[in-house]
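Shared between the two complexes below is chain A, which has chain B as its partner in the first and chain C in the second.
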Partner chain A sequence: MTLPTVPRRWWPASALLLSTVVCFALGGVLDNGTLDLGVTLLCYLAIAQAWNVLAGFGGLVSLGAAAFVATGSYAAALVLVHTGLGWPLAVAAAPVTAMLLSLLLSAALLRLRGDYFSIGTLAIAIALQALIRNWSWAGGASGVTLPADAVPSGGNLFQLAVLVAALAMALTLYARYSDFGLRLAAIRDNEPAAAGLGVAVRRHQLAALLPSSGITGLAGAVIAFQFVVISPDGVASVSWSLNAVLMTVVGGTGTILGPVLGVGVVYYGLTRGLQSEQTLSLVIEGILLIGIVRFAPQGVWPLLCRAARRLLGPRPDSDSDSDSDTGRPVADRGKKDEPAPAGTEPVALDAV
Partner chain B sequence: MSLDVLAAGILAGGLYALIGLGISLVFGVLGLMNLAHGELVIGGAYLASLLVVDAGWDPLAALPLAMATMALIAYPLQRYLLTPLLRGSKSAPLVATFGLSLLAQALFQAAFGTHPKALPAAYADTGLSVLGVRVQTVYVIAFGLTVLLCAATHLVLTRTRAGSAVRAASADPDTAAVLGIDVNRVYAVTFAGAAALAAAGGVLTGVAQSFTPSSGLPLLLTGFAVMALAGIGSVGGVLAAGVALGVLQSVSVGLFGGGWRDVVVYLAFFLVLAVRPQGLFRKAHAG
Partner chain C sequence: MRTVRPSLRWACAAVCAALLATGCAGNSTSSAGSTSSNDPIVIGTSISLSGAVVLTSVKDGYQLAVDKANAAGGITVDGVKRKVKLVVLDNRSDTNTMVQQVRSLVLSDHAVALLGSCCQQNIDMQGQADALKTPLLMGALPVELLPAGQGYAWDSFQSLADGADKFYELAATASTNKKILMVNTNDAQGKATGELWGGLGEKAGFTVAASKAVPGGTTDFSDVIQAGRSTGAQILIANMTPPDCFAMWKQMKALAYKPKLAIGLQCAQTPGWSSLGALGDGTLVQLNWTDSAGLPDTRMIVDKFAKKYPALNDLGSVALGYHETELLLDAISRSGDATPAAINKALATTDMSSALGPVKFKDNKSTTPSFIGQWENGKIQQVWPAKGAVPLKSLAGLN
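After this line comes the complex of A and B, so read on.
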């Protein structure tokens, strides 16, 4: 009996669906400490992955993730505190507000090229933090305390975080395998050429910016529920932007599993492992960031893939590294006679 | 709105210009957005604090030493770390300076702690009456020094051989290299010069107000705002932009209260960026 031929892109999608279901189910099993850790990791993953779509696939290097985390957090918190609506609506308010903000700013932001975009987003993040500090309705500098009994906690919050992270992963898969993603990458690689071929540059960038900021805002809402007390120094801190960049760049910008790896490495190896040595952790983060861009600009994940491919033995037609350089697999070669599971297939490693 | 407010704004603007000058020099010549510039400024303040707080020097005496030390630290950073990155991917130098800024903050924390520091000087808190307007002495000194340093930078760029090399490397690095200019060295020297200017700004900032390891970021943003406003990239433009920003800030504090100081500057910065999207330098495309 032969398996029906399935396009390769369905493998990662199925893997995502499966792991989402498994993680979601884990929400009812794990103890509270693990759940809390899980929520943190999943929020970082969502933020890093949203940044990855924007910067890695879209070429828009944003330093403004903090602005959307803050918008999401505050939108959810203020809806919860100032209206009688329950937490589901508070969660829904977060991405809507974050996307509205990015839509509003996009008119100016998307006209900025290269480094100017980065600086513009940084300015927005800092301006927003300063604004919230002065906004007494939103609690000013001391922030907002959420009614603890009105927000989901423990297993439910974890499940919410799983869904948000899954959404971010799904967006990345879409950016990686869809025609939209292909055109986005074309703009990233050579904007004049892409525009010359008839790709609507601004519209595609906006289509990357909106869901990216929406997901960052969603993660912000989850973070607000987790923190219970949110303040401009907490949820609007530039360190959110920084972590998004750090985690993605370390793992591998423009790859699908790179940010997953990056979140693990940075959070486990540095933030948590060196919790008592905050200065040292900051030093290592700085050195890591510089070292990666200097010596392994593609991040750790592509390096691991290459090493794994070498260990598993090169196939006759995959002796070059060219497929990892382009960020896209060299066609879908050999897919018809290769019904092997994705995890054991060397060439597919880059693609997932 | 009194003349005092206006004068305070103009004088504070001098410091902003000094911080913005280094940023626009590096961006204008190298096409590099240096996100660690704020840390160069604060680093200058910390270097001076070693002499001022611990050895009892006057900040103005410590200033040249802080400038020279900062330049010495900055030169190899550009030469061996940032210049090789400039040829690589578009975002690599930006991310690297981001990392440098992190690293510097951590080093400040380790070496000096997180408590706010200030550089004590006789003229730190005293006032001065100029034409009937009360101003802070330290800002008058800072403004004078800024004008001096701006003039010196302008003269070096326009009247010296080294300045010609910098302008050539800025206009067309490839042709400049063909003509025998060591572009990598020019880049490193430019970066070191910008770091020295930053250190000077840092010492003066340290006298005027207290600073902590994380004070660099708002200064960076202010510096970028100056660069964005200055537009053409002339040294005089930077000075004018700094003063404009200082006045804007001073007036908004007078109107809305102290909390809005930075908000107004950042929003003005963003608006300027939005209106002049292709960058405000003539040579913005060189990068």
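After this line comes the complex of A and C, so read on.
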């Protein structure tokens, strides 16, 4: 009897689908405290994963995630407060507005390279916070209070957060396994070479920026529903950008599961675990970041993968120590030539 | 290529469907607020203990009241003595962290009531209290600034108007041209304070010669100082965070701007003010408490904390924390069942005198007395009202 074959790349997609369904189902059985913690973790995961697609796979190191979180939060809140439309439409407004903003800014931002791109995105996040603070229709510095009865909460909010995080994970899987992702990685690693081979650099970067900002905006809408009261000091705080970078770098940039681990370590392990000892938490975060940049620039996840592989023995069909199996630090992008993919199936350059 | 059996895929799909159905069917999660009568009553706070604002003295006040209650065997709720557990979380002066911590206090730690932080954070916290339907008792927010909410936030603190009136009464006794330079942060509290103080100043016969709004973290105040100099303003009202005031005071000295009176709202209350040395001498400060006003429990607070906090403003912060907690514990005791809804109801009928004075809430607000103090040699002394005060001195630091 011949068995139908399933390509290897479908396994992560199946695992994502299964996890999404399981997590969605948990929305009905967990207690309120756990659900609230889950919403926070899932929002951080979506934001970190969206940053990962842009920086880890696209090489565009953004410090502007806060701008898109704020755009999504405020778009959803203002639709609810000023139009009286239902929350599904408010949720839909969030990614649309965030993507429109990124489209508007892309003309200027995508002309910037390296550190200049990072500084440009940071400037936008700070400028947007100042703009909101002085925008009286959006509540100014006091912010906006959402009608608590008109937004999902508890299990429903958790399920919404699950879908947003799943979307972010799906985007990462697409960036990892698709032809598009391969071309994006080529631009990241050697832009002139990729352009020379006919890859439309600007178009691909825009194609990464748009969904990345859309998902960040979508996470912003969930955050607005969770916070109920949103203010420029909260949802437009640069800390969203810094957390996205920290969580992804700690977990592993350019990997699929790295940000998942990063969110767990940074938020659950440090911020939440040491919430009555915040100074200690900040010190540990700093030491962790320095340690990772110095000793494990690929992040913790690739390190764990390598350690596990050493323990279990090498796989017959792969070279365990090559860059092709591990995430690479964003700072190293373009310093090495990547090996050309072999075979007909797209081969991702980084670890899962 | 690897393979997977169709039966396995079907099994997975079946498990998924079952879980999905469970999830959709049981979306009524139980509220996490009920505790048995043997458990301690949990109250919580997310307060700035690190970062831009450090409120350790307020936290000590919270703990003092809880320790006092527990030393007496706990508080009596429906005839039963119950211990009180205070959960204190440091929010690093970060709004997002504060929101997440408040939610975790109520949803995970089962706190039946909350104590506030300071200033703008209290306004943000109010939304959480309303959303979670959990009473929040706050101070450190002038009563005029408490937004109209859904009734779960309670503010017992001084009034901006009362403080401004006392300042203008004092300023009228000094020899100035009655021209004011006003500097406020551009957040909600800064804007509201600026408008109220400016309006009351005009009523009291003063003129706002120049008014500037600056974002938190401003380091260059040259245009603000220039505005003060060009208009000849001899009275400075600065409503900013401590680091911003420090920077402005240094630049005023450098640019030789010498107002005759200067008051630092928000900023000059902090112990860090003494680090300015002689430069800070003569600066006025609005106080919510003094040890010479005959307020309840003054002796106990001074005896316990005068060594740790030699400055009057810090002792005032301890008194504030103690005052908030006393009010809350009183309401819990009268609530009958220590549930958030019952405590909220009991707070509305509060009628007691605590460390900051008598309290009776109207529209969730209760005004406590204001005092004006003046810095000298690293200490604050009450200069207004005249009862229990020392004479006003010149603004030595900048002149």
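Note that in this section the second predicted complex is superposed on the first by the 314 of 352 C-alpha atoms of A that agree within 3 Å, B and C clash if a C-alpha of one lies under 4 Å from a C-alpha of the other, contacts with A are read in each partner's own complex, and residues count from 1 in each chain.
Please note the rule applied: a residue touches a chain if its C-beta (ideal position, glycine included) is under 8 Å from a C-beta of that chain, and two chains touch if they have at least 3 such contacts.
Being a predicted model, the structure only gives us computed values, none of them experimental.
The superposition on chain A brings chain B into a clash with chain C. Put chain B and chain C next to each other and count what each touches on chain A; the higher total goes to C.
Applying the stated contact rule after C-alpha superposition, one finds that A:282 touches each of chain B and chain C. Looking at the shared chain after the overlay, A:234 reaches chain C, while chain B stays out of its contact range.
By the touch criterion stated above, A:118 is placed in contact with chain B alone, chain C being left untouched. In the superposed model, A:24 makes contact with chain C only, not with chain B.
When the shared chain is aligned, no partner comes close enough to touch A:200: not chain B, not chain C. By the document's definition of touching, of the two partners only chain C reaches A:142; chain B does not. Of the two partner chains, chain B and chain C are each touched by A:133.
Residue contacts after overlaying the shared chain place A:85 against neither chain B nor chain C. In the superposition on the C-alpha atoms of chain A, the part of chain A touched by chain B in one complex and by chain C in the other spans residues 130, 133-134, 279, 282. Residues 55, 59, 61, 63, 107-109, 111-116, 118-120, 122-124, 126-127, 130-131, 133-134, 238, 242, 245, 249, 279-280, 282-283, 285-290, 293-294, 297 of chain A touch chain B in their complex.
In the complex of the two chains, the chain B residues touching chain A come out as 33, 35, 81, 84-85, 88-92, 94-96, 98-107, 109-110, 217-218, 221, 224-225, 259-260, 262-263, 266-267, 269-271, 273-274, 277-279, 287.
Note for the complex: chain A touches chain C at residues 3-8, 11, 14, 17-18, 21-22, 24-37, 40, 130, 133-134, 140-143, 145, 148, 154-156, 159, 226-229, 231, 233-235, 237, 239-240, 271-272, 275-279, 282. Across the complex, chain A is touched by residues 1-6, 12, 15-16, 19-32, 49-50, 87-92, 94-97, 99-101, 103-104, 107-109, 120, 123-124, 126-128, 130-131, 147, 186-188, 190-191, 215 of chain C.
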